Each structure stands twice: as structure tokens, then as C-alpha cells.
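Common to both upcoming complexes is subunit A, partnered first by subunit B, then by subunit C.
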Partner chain A sequence: MSTPLTARIVEEHANAAAALPPAGPTAARRRTAIAALTASGLPTSRDENWKYANLRPLERLRFIPATATPALAATDLPAAIPGFARYVFVDGAFAPALSAPLDSTAAAVTPLAAAPDAGQASAAMAVQTPAPGAPADERFALLNEAFATDGAAIRVAAHSGEPVRLELVFVASADALTGASYPRVELQLDSQAHLLLIERHVSAGPHASFVNSAVTVDLGCGATLHHYRLQELAARAIVFDTLSAVVGRDACYRLHGINIGAQSARSTLAVRLAGERADLTLAVVALGERQQVQDTYARVEHAAPRARTEQVFRGISAGRARVAFNGKVVVGSEALGTDSRQSLRGLLAGPEAEIDVRPQLEIYTDEVRCSHGATAGKLDENMLFYLLSRGLEPEVAQRLLKWAFLEDVVARIGVAELRRQIEERLAQQLPEPAARAEST
Partner chain B sequence: MSGNARQLETLIARGYQHGFVTEIDADTVAPGLDEDVVRLISRKKQEPAFLTEWRLKALRHWLTMREPHWAHVKFAPIDYQSISYYSAPKARKDGPKSLDEVDPKLLETYEKLGVPLHERARLAGVAVDAVFDSVSVATTFKERLAAAGVVFCPFSEAVRTHPQLLEQYLGSVVPYTDNFFATLNSAVFSDGSFVYVPKGVRCPMELSTYFRINAMNTGQFERTLIIADVGSYVSYLEGCSAPQRDENQLHAAVVELIALDDAYIKYSTVQNWYPGDAHGVGGIYNFVTKRGECRGRRAHISWTQVETGSAITWKYPSCVLRGEGSIGEFYSVATVNHYQQADTGTKMIHIGPDTRSTIISKGISAGHGQNTYRGLVKMLPSAHGARNFTQCDSLLMGGQCGAHTFPYVEVKNPSATVEHEASTSKISEDQLFYCLARGITEEDAVNMIVSGFCKSVFKELPMEFAVEAQALLAVSLEGAVG
Partner chain C sequence: MTASRTPLLAINGLHVTVEGKQILNGLTLQVRAGEVHAIMGPNGSGKSTLAHVLAGRPGYQITAGTVSYEGRDLLALAPEERARQGVFLGFQYPVEIPGVNNVYLLKAAVNAVRKQRGLPEVDAFEFLGLVRDKMKLMHIEDSFLSRGVNEGFSGGEKKRNEVLQMLVLEPRLAILDETDSGLDIDALKVVAAGVNSQRSPERACVLVTHYQRLLEYVVPDIVHVLVRGRIARSGDRTLALELERRGYDWVSGEAA
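Moving on to the complex of A and B:
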């Protein structure tokens, strides 16, 4: 699978190897990753799970990590969330000056670059980090592994009691022509640990940055993780994101994704419910306007009995944007008593917009209850009529209904201040020009 | 559940009822495929030059293609050079002029299958164009159809009698470059059915063809073309059954439907080819391309299929809804048992404004069977006000089978509406318990529940097919309660 693109990646990697710090993913792991990438190549739009993603920008990107760190002030960042410790990474590198470290013994956050021997946590994570035989859809994680210079290794100790509150802010500042940003998170929750994690991806300035993030999550028995992921990069940014998680027995994982920014975004989520009664809620909002591409692929694997999945997707596509969600639930033959529900809905708010939804079920045993529903279309005429008959302006009525449409996901956000910020952001973003076009 | 297990074992042990081979002289070409074979097929069928050239173009294109593997099925590699691409029952002098002249052994085969050509055909009001190993040997009710102006004949005959219609429409829905198996078919297709219903004509009877696979090592490459002219109506029935054998047989058919303004084509299939034995040995590979195009305004194409046979089924009867206000429908029941695999569904391509489509798919998996629904609903920017409704349900019987649902929804017009819903579960314990409490045997109860599950599809079938389909389903699933 050697293509000009992979050849160029290998070449850039060889040139950068000397400059890449030895810490973080160790040199050996880097080599393994680049070898695996050389063998498999990056996905193309001919790959079934990549047909809605925009892969063309890859041809003109540079893959070496960005080095020049700009001077940023705390005011350039999103407002802090009360009660949450904050760790800021600029172009993938830890920025202590902007951070407010955690004041707790229950959890440890170690910048991967600073970790003496790549950190214990990352050693533990090595088990589940995509290795040579990486699944086809997680190949962008290999790219991250080969190039990442820093990142956060987080470990929450067993029986942490009160939930640990943590915010990670990844700032992309470099232009893609000078270098890429490789955010990396390696997260481990020991048994009965409890973490509230906010993961934000933002831009400093209007640069067309290239961001390739990789997150690994390991939830021990009975652990609870509420994970809020916000992608609000600048309008010209390109982002590829890979999250792979393993959820243990009785563990509970609430994963919320809010995808608003970037020119072209692709998020790959792979969650394996490995322990009995593991519980997953996956709720994603994606908004697209202009010529944005927002593509999400979520693969949930039920590998143990009596696990539960709930997938909710709400996407609004305006302008000439494409918003896609491909949600797959795989139920293995050992996963008796699986309960899985998917509700995927797309709203078209522009004459040239596109919505693609694929709710997929792959089931290998009979003792299951699985259902999915998917819709794509415009706002409900009857609801609109009702609001208009109550004297609301057409524009207000439309925005109200769009708001309600997204509420299925937004209402689940448990951190009040964060929800307020997100609501504010969504209110700015709700596609108004198209709404006007539609009402005429 | 030991009673069930025993019933299941009895069922598994049961041989394929339609498994027998009629030994008749077949005029078979040596295995292999090259331009000479294609020319030979074309020459044997006395085809005009345009068709020979079309076949050759298809072959040249096919040689540049690779076998696709995106479907959710597994099979051993197929050696396309070991297949014989032409087999025809030997003609007696100039071929049979009436049923009496047909090889008695052929007729015997039909008897065994329960397809008496004359009596039952007449009683049922069905004209049977029996395709026996690629060449049609008998056609009935021709006069009645001719009186109405309907052309219903073997493809090879249409080549001679209606070359201009063929040249105009052949490959216009499924071009020879379409996909690996359709391209192969375009190069080597042996025979099939041709239907033309003229303007404003309501076809006076259900049209029916019985396809059978007979000679050893012979792939079947049927080609069916149905053209419904403005304001016409036709209902076409296709039923299949094949003798038992151990080698996998490739079947790559192509069906093209064309509906002009206000025309209505109803295409029903009951497919019961040999599925392989209880250990997954043998059985038919059914890789079929079926597509209909609603070219005119308010044209209507309806596909109904009951798929119980074949080792591997790979087919997606589709509708291209081009005409304003045209309608596409797809009703399907697919069952897999033992080691059968099915990857089936539909594509609804909405191009014209106010086009509508409905998809109802029911999948039943038992034994080690793997059943996949794969469906695409695509709304192009021109499809203003288009609507689709899709429902696909799966029923699982036993812990070793699989049921998969892979829908694709792609919408590029904001006034279009697409709704999709699906569920997967096993037979409800409550329903079963209720029936048992009323003194109904478990087997009857399961049959009843399954046939209730499939009812919304069966009601779309013509009556005689609905009866056959229900019986088939009961036979292939009875006792397979999880």
C-alpha cells in the first residue's frame, strides 16, 4: 500500500526523527507506528468507512510537528470552568504557564514529554494503543503515534471518591504549511475511579492548521467517565481525530462530542465494551455550514454480556456543507443480553447541503435487543406552522426548532458552566442565512 | 428446549426436496472464457453484429475488473476459467414446435418441481416461459399475449424479432461497465426473458418464468429485459429451484426494467435454489444485478422478493426514480439457515421531484446463517419533495446466527424526507407463551409468528406466489426456535 502520500510521510518522519524528543511515545514505538503506517497506508475515500470524509487536504499538508510556539495569554483561551483544573497544550506541547494544575492526590496528570521513562501510564496504555495490526479505521492514530512530541498521561486512582475535574485545552496555532499539531491523551481510570473530563480543541488565530489527535481511554471496573469533547477549531483548520476506548465491567462511559469548527473534520471513535454490564452513552452534535465537512464514524463493539449502548446523533447541515455520521454497533456472539439503541437525525438547512447517516448493526447472537432509527430532512412543517400561528417570526420559529433539535444532546451535558458556553456557541453558529432562504 | 433441538435436527437432516438431476444431452462449451467463447455464444444464437460487439466490449472491460469483496459474505475464490459459459439442451432437428415435441425428460423435471406447464399454467392464468439451462424450450399462451400486443419471448428470440428495441434498451439501465458480475453477464449471457408491453396495454395475465439450473459446472447468466411503454401495466413472476449438487455454482443474472410515463411494473421473485447442505457444502452463488428505471412521469416499479435458497445471495433490486412523481417499492423477506449467507437490500436513487419510495425488509436468521440488509437511499439535489420510508426488521433464531443492517442515507435536497427504522430481536417469549397457553403447538406458534412478521411483504405477492412463499418459509424454518 505504498502511495506517494505514505512515501512522503515516511520521508518527513525520517527527516524529523532527530528533532523528535525521545520521550513521549518512545522511539521504538515511533518506529513501530511508522512501519505499520508504511505497510497499511492511510485510508482513501474508496474505503467504506471513509467515503464521506474529506481526505484531499492531506496531499498538501506537512506532517512534521510544528515547533515555533507563539506567545499566548490566558485571555486567548476559552473562559475557565469553575472547579476544573486546566492543562493547556499549544500545537501538542504542554504550556505550563497557561495551565492551572490539579490539586488532588486522587489523580496524576503527566505531560508525556516530561515523563522520565515515557510514564507508567503510557506503558500501561501501550497494550491498547493501535499496534502493527491496527484496525483500518484507526490508522490516523498511527500517524499521531509516529509524530507526537507531547501529550497528557492521566491516571485516576482507584476509589477516587469525589469526581476529579479536569480540562484539557489543545490550541492549534501553526499553519499546516509549517507543521502539524499532534494532541495526545492517554487516559486510565482504575476501578471505581470517577473523572469529569473536558477536552477542547481550539485555534489561536485564523491559520489553516492541521490537527491530528489521538486519545486512548481505559476504564477499569466500575469506573465512571464523563467525557466532553469540543471541536471548535478555526474555519480553515483540518482535523483528524481518533479515540479508542475500552470499558471494563460495570464501568460507565458518557461521551459527548460537539463538533462545530474546522474546514474539514473527521472523528473516528472506537469503543469496546469489554466487561459485563459496561454502559456507554455516545451523544454527538455536528454543525456544518459554508463548505465544511463534518464526518464522524463511531464503532461500538459489545464484547461482554449485558452491556448497554445508547447512540444519539444530531446534525445540521447548511450552506454547501456535508455532515455525516456513520454509527456501527457490533454485537459479538458472547454479548448476551445486549441492549443497544441508536437515534441518528440529520437536518438539512440549505439548498446545497448534504446529510449522510448510516446506522449499522452487526449482530452475532440472538439474545439481544437492538434498534435504530434514522431520519434526514427539513424542519417539521406542522411544528413550524404551530409556532407561526402563535405569532412567532419565521426566523425565530426556525431557530427555536433547530435549538430543540439539538437539545436531545445538549441537555445531557452535566457541567452547567460548560453547557452555558456550548449553548452560547451553538446560538452563534445556528445557520441563519440558510434559514432565511428556506422560509422564502 | 430439547424438543426444539430434536425438531431442528430432523429439519437439518432433511434433504433438499427439489434435489435431482435430469440427465439429458447438453450442448456444452468447454470451460474457459476468452473472445472466441463469446463469439461462439453469439454465433450459436445467431445474433446481429451490434450485440456481438457489445458482448466483446463487455468482456474486454471485465478483464480489467477485479472481483468485489465489500459484501458481508465469505466464499472460496471462484476460478472463472473453469466454468463452462454455454450449455443448451440439444435441439431435435429444428427445435420443438409444441409441448409434445419437448424432450420428455425436461417435462418430467418440471413435473417433479410441481410445474406442469399446461394444466396448472392455464388454471392459474399464467404464461410460463420455461428457461431450462439457458435456452427456452417451451412457451405458452403466446397467442393471447400476442392479441394484446404484448411481446413475451426468450431473449434469443427477441434478438431476431425485435432487434431495434433491444439495441435501444439493452444495457441502458445496467450498462456493461456496471459491476464485475453484471459485466461478466453482459459478455456471456445465454438467454432469459424479454417483455415489451405497448402503450396503454394492461398485460392480460401474470407473466412467469421458471429458472432452473441443471447441467453440471454451468454458470447461469440470465438476462431479463422488461419494457413497459406509456400507461401500461405488467406483473412478472420469477420462481427458482435447483437440483442438489456439491459444487458451488455461479449464477450472475441481470434484470433491467424500464417504465415510461404512467407505466407500472411489478416484479416478484421466489428464490429457492439449492442452499448447500447442513455443513455449508455446495449451494448456489447468487450474484445478481437487478435494477429498474422509472423514466417517465408517475412511473411505478415494485420489487417483491422472497429469498430462501442459495448458499450466498448478493443482490440489490434497485429503482432509479428519474420521472417526476415516480414511485419505487421494495418488499423483501430473506431467510438464512445452516451456513447460508445473504447480503441483500435495495437502492433507491431519487432524481426527479416528488418521487416516493418505500422499503420493507424482513430478515430471518437461523442456524449459522448470516443475513445482511444493505440499502441505499439517495436524494439528489433535483429531488424536490421526495420521500422515503424504510423499515427493516430482523428476527434471530438461535445463538450462532447473525443479523446485520447496513443502511446508507444520503440526502442532498433540503425538501426531501428520509425515515429509516430497524429493530433486531428474537421471537418474543411472551408471544410464544401466549400461543402455547392457547394449546397451539410450538411449531405452529412459531410459524404463525414468523408469518405475521413477514405479512407486510407477503401481501404484496400475487396470490399463487404468496401461498408458495409461506409454505417455503415454514419448511425452511420450522422448529428453529431459539
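Moving on to the complex of A and C:
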């Protein structure tokens, strides 16, 4: 399925191939990815799981990796989180001067460019790498595979004891007309390893950057991963994100997504519960305003008995924004005793805003407990009147109710300083009229 | 109790429709500072509509009549302005708001009133002290402060919370809409103690109730019977006892 778009990607790749370092993905893997992309093409809005995404910007983007590295200072970055080692990547490339490496033997963090084979050290990674015939929704990861020049390979050793605390900051600075940013994370937790991982995507400057991130996660038996993903890119950025995870026996994966930034954002999450009693919580918050598009597609596959999934989504759409969450749970024939819950809720905060929440269940066995709830609506009139009747300004009451709507998901963020930063960021988006009035 | 000359609340010939249906039909009522009025009446007589219209709830069309509060047009004010001017509605069905905690709402409500009066925001420490005293009176536990507004509260807890809010806000005119419904006798006594504690010559209270039981503990100055959207009969507290004995049909029949 060669389209003008894929033809252009192939051509840009051919021109850039010689300059791409043999790091991260090897030349052979890049070629395989390009071949797979040529065969499958990128998704289009005719694809069922892509109809809410904004794919139009792809027509005018350049795909070669950005090269000019700007001079950034630590002050250009989000405030550090106490207790967390920090690794910073600018337009996909590791920036040691801005980083504060881990001081622990329990885990190894290796920039992919520094260790070409780091990513291949794990056999599991190779399995997860999308290949021809890979799930159609993970095709954007092929683009990352073809072009990524750097990234983080993280391995947490078995029985790591105290949780390892890591923060990855991916900074996008280039304009999409000059080059793209390809954040890449290859993460492996050995059995009984424990990791708290913050992954944030931010901008330096107001550029309309193109970011294409790919994250693979492999959780060994009994491993625990708390993964906080923040997308707070500048207002004109375009981002496509693909996360593929495999969760082993008795492993526990808590995945928190906070999607606030960018003009147009699509996150594709594919999690396979491969071991017995694997446990997944997927909690996503998305805010859209102006003409933003925030689209999340999550596919959770129960491939082993007695695994548990909880999907929680809270989205607020204002202005002319579109906020979508498409959450699919597939329960395979071997997944007896599956426990799956979905609670997807969208809030319309303007007459021209759009919310799409869509829970989907595919069950191929009996003896499962699956529940789902999905709602999309405006602020509750009764709640609003109750607050007004206590003297609160309408704007304050509305803001308070929006907060309350997000609260049960934000409250799950267990890292206090991170939660504070997120609340502050959310407060900017849900402005407090009282505070504004005081400052004038 | 000495009542001042100008009524605190004066309702004149009030006609209200809801979705085209006439609910209040020329209601006239005067409440002076210092007074406690009870408004009784059968289901569907318009008691709750009156309470909601006074608080400014949307969805009610006022087709005729006036309402003045402290000598000014109450109906021209937005709900939040009424609250800040000292009008309080205790809800028949208090709303659960998960994610907004009680102490936040109480503080925001108190500060809204203080701002109106040109006072600075309440001191956090002083405020907690004040709230705790009133919580004791209402038999509400400390842990309540950090819980979501009415979230998971029993019926009785919700009603006690309404009265607590009233005590903290110290309104000039409190309208309590069936605050007694669904309460057992112990809870009823607690609610009554709360209401009695804020009786004063400067303030007035309108109790909307279906049964006279509450009136044994909060003794009203005047009892009105509402039938088909207007006051059919007014009297002292013995009227409530007579109603209890003879039933609403007695007044309804007279009014027809």
C-alpha cells in the first residue's frame, strides 16, 4: 500500500540513512521497519481506530531527525523531582549536561546512541518490535524505529529492593519543517524489580515540533512499575506516541497518562497481560481547549488467567477541541477469571467541544468479570446550583467541578512533588477567576 | 420577640409555572426579622417550589408577583448574590459532589459572604476552630471535613451537614426545605438544636415541612398552610397540631 506519504517517508529515509547513526535500532532493523511501513502504510482516518486522530499534519511534516541541538539550561526544564535521577533528551538525543544520572547498581540506564546493542540485549525487545504483520495500530512505532537516533535503554535488575526512581525528560525544540524528534524508551524490569518512572514530553520554545515517541515495556514476574507519562508539549506541537507493554506473571503495571499539551496528540497504548495474575491500572486524564485534538487508543489483551485490568479515563473538552478515548479490552480464550473494569468519562465544557469515549469488550471465554461504564456530558446542573446557592461565583463553581471531575485520577499520582506540578499545570488550563482578579 | 416594622421578606401575589404548569398561584407572605415561620402543606402544594424560587434555582418561570428581601428585589439577584446577601437554602436533597471537600466548600462559602461585606478572607486557624465548635453541636465527626461534599453520607448526615453550613454561614434568612424528612428522633433533635441555636432578633427562618413533628422542637411563631400554590390559612403553632389531628383534607376542602 504505497501512498504519496509512505513514498515520501521512504525517500527521506533513503536520503538520511547514511547519516543515521548505527545506534538505537541497527541499520538492519531500520530497513525492516521501512519495508514494513511501505507494506502497511501509516494509518488513515478511514481506519476504525484512527478516526478521532488528526492525521492531516503528516502531509506537511519532515521525517528526518532534527540535528541542530539548541543550548538549553536546566532552568528551561520542569523542576526536578526530589529523589529521582534525571535523563534529558533534546530532540531525541541524550543531553548529559542536563542530566543527573542514577546512583544505583539496581538499574542500568544506557543512552542507545552510546551502546548500539543496548536495545538488542533484551530478547523480549526484539519480540515486541513491530514487524510486518504487527498490530496495525502500532505502525507509528515503525516510523520511530526507522529514524530514531538515540533513546534510553533501561534495565532494572531482579529483586531491586527499594524502588528505583527515574525521570526521563524529552524536550522537543525543532520546528517540524526542519526535522522531527523521536523519543525512544526500551524498558525491561527483571523479576521482582520495582521502578517508579516519570516520562515527560515538553517543548523548548513555541515551535510546531513533530514528536514521534515509541516506548516498549517488559515486566518480568512479580515486577512493579509505576509509570507516569506527561504530555505537556507547546501549543502547536504534533505528537504521535506508541507504547507497547508485556506484563508477566504477578507483575503490576500502573500507567498514568496526563495529556495536556500539543495541537494534536495521539497516544496508542497496547498492553498484553501475558502472565497469570498480571495487574494493570491505566488511568488517563486529557484536557483539550482551542482546536486541540487529544486522542488515546488503548488496547489491553488478557492472554493469561486471573489477570486484572482497571481502565479509568477522565477527559475535558472546551473550545472547539476534540478529546477521545477508545478503550478496548480483549479477553482471550485462555484468560479464565479475568477481572476487567472500565470507567470512561468525558466532560463537555463548551457548545462546540467534542468528546468521544468508547469502551469495547471482546470476550472469548466464560468465567470472567468485565464491567464498563462510559459517560459524556456537561457539568451537573444540580451540583452547579448547589455551589451557587452557597455564594460561589459561577466561574469558580464550574472550575471546582472540573477539578472534582479529574480528582479521583489525579489523586492516584503517588509522587507528591509530581502531583503538585501536575495540579499546577492543570490549574493553568482550568484558570481560577478569583486568583486572576486578585492579581489585577 | 419584637419584630421590626419592615418585613425582611415580603412575597406578594407570586405566580410561578414549571414547564407550563402553574405551581404557585398568587402566594403572599411576610416574614419579619426575629420570626420563625413554618410552611406546611400536602405533597404538590408548591412548598419546595417556593423554597427553590427564593434561592434562585433555574427552571422556574415567575409570571406575576414580587419578592423583596431587605427592601430590595430578590428576584433580580443571581443565586450566588442572594447567598452572599444572607439568604440560605437548606436542600431537601443535598447534592453529593465527590472531589470537592467539605472544608473547601465551607471556606469558599464563608469567604464569598465576607468579600460581599468588604471583609478580608477568614483566618484558616480561626475558621477551623469555629467550624469544629459547630460540628460538635451537629454531632459531626472531624473526619467529615476532608470528605467530599455529602459523598457517601447517609440521609441524616446530609441533613445535619445542611444545618452545619447554615450555622457557619449565619444567614439572615434561612429557608429549610424538609430538613426534617427522613430523620429519626435523635437526628431530628440535633437538627432542631442547630436551628434553635441561630434564632435571633436579626434573623428569620422559614421551615418548609410536611409534618408537625419538627415543630415540637423548633417552635414557630407562625404556621401557614399552603394549598394549590397559595396560603390557605395561617395561625399560631396550634394550627400545626390541628392539621396533625384533622389532616390536610380539612384545609384543602376549605380552600376549594
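The rule is short, and it goes like this: the second predicted complex is superposed on the first by the 421 of 440 C-alpha atoms of A that agree within 3 Å, B and C clash if a C-alpha of one lies under 4 Å from a C-alpha of the other, contacts with A are read in each partner's own complex, and residues count from 1 in each chain.
Following the convention adopted for this analysis, a residue touches a chain if its C-beta (ideal position, glycine included) is under 8 Å from a C-beta of that chain, and two chains touch if they have at least 3 such contacts.
Owing to the predicted nature of the structure, the values given are computational and were not obtained by experimental measurement.
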Open item on the list: With the two structures overlaid on subunit A, would subunit B and subunit C clash, or do they fit side by side?
Closed with: fit
- [ ] Could you say whether A:M383 touches subunit B, subunit C, both of them, or neither, answering first, second, both or neither?
- [x] second
Open item on the list: One more residue to check, A:E407. First (subunit B), second (subunit C), both or neither?
Closed with: second
Open item on the list: In the superposed model, which partner reaches more residues of subunit A, subunit B or subunit C?
Closed with: B
- [ ] Figure out whether A:T375 sits in contact with subunit B (first) or subunit C (second), or with both, or with neither.
- [x] first
Task: Partner chain(s) touched by A:E162 [first = subunit B, second = subunit C, both, neither] - done: neither
Open item on the list: Applying the document's definition of touch, where does A:G350 land relative to subunit B and subunit C: first, second, both, or neither?
Closed with: first
TODO: For A:P394, decide between first (touching subunit B), second (touching subunit C), both and neither.
DONE: second
Open item on the list: For the superposed arrangement, I'd like the angle with vertex at the C-alpha centre of subunit A and ends at subunit B and subunit C, nearest 10 degrees.
Closed with: 70
Open item on the list: Nearest approach of subunit B to subunit C by C-alpha atoms in the superposition, in Å, rounded to an integer.
Closed with: 13
Open item on the list: On subunit A, which stretch or stretches are contacted by subunit B in one complex as well as by subunit C in the other?
Closed with: none
- [ ] Would you tell me which residues of subunit B are touching subunit A in their complex?
- [x] 70, 72, 379, 381, 394, 396-426, 482
TODO: Spell out the part of subunit A that touches subunit B in their complex, as residue ranges.
DONE: 48, 333, 336, 346, 348-378, 438
Task: Residue ranges of subunit C touching subunit A (in the complex, touch as defined) - done: 55-58, 78-80, 82-84, 88-89, 91, 94-95, 97-100, 104-105, 108-109, 112-113, 116, 148-149, 165, 169
TODO: Would you pull the subunit A residues touching subunit C in the complex into a rising list?
DONE: 380-383, 385-394, 396-397, 400-401, 403-408
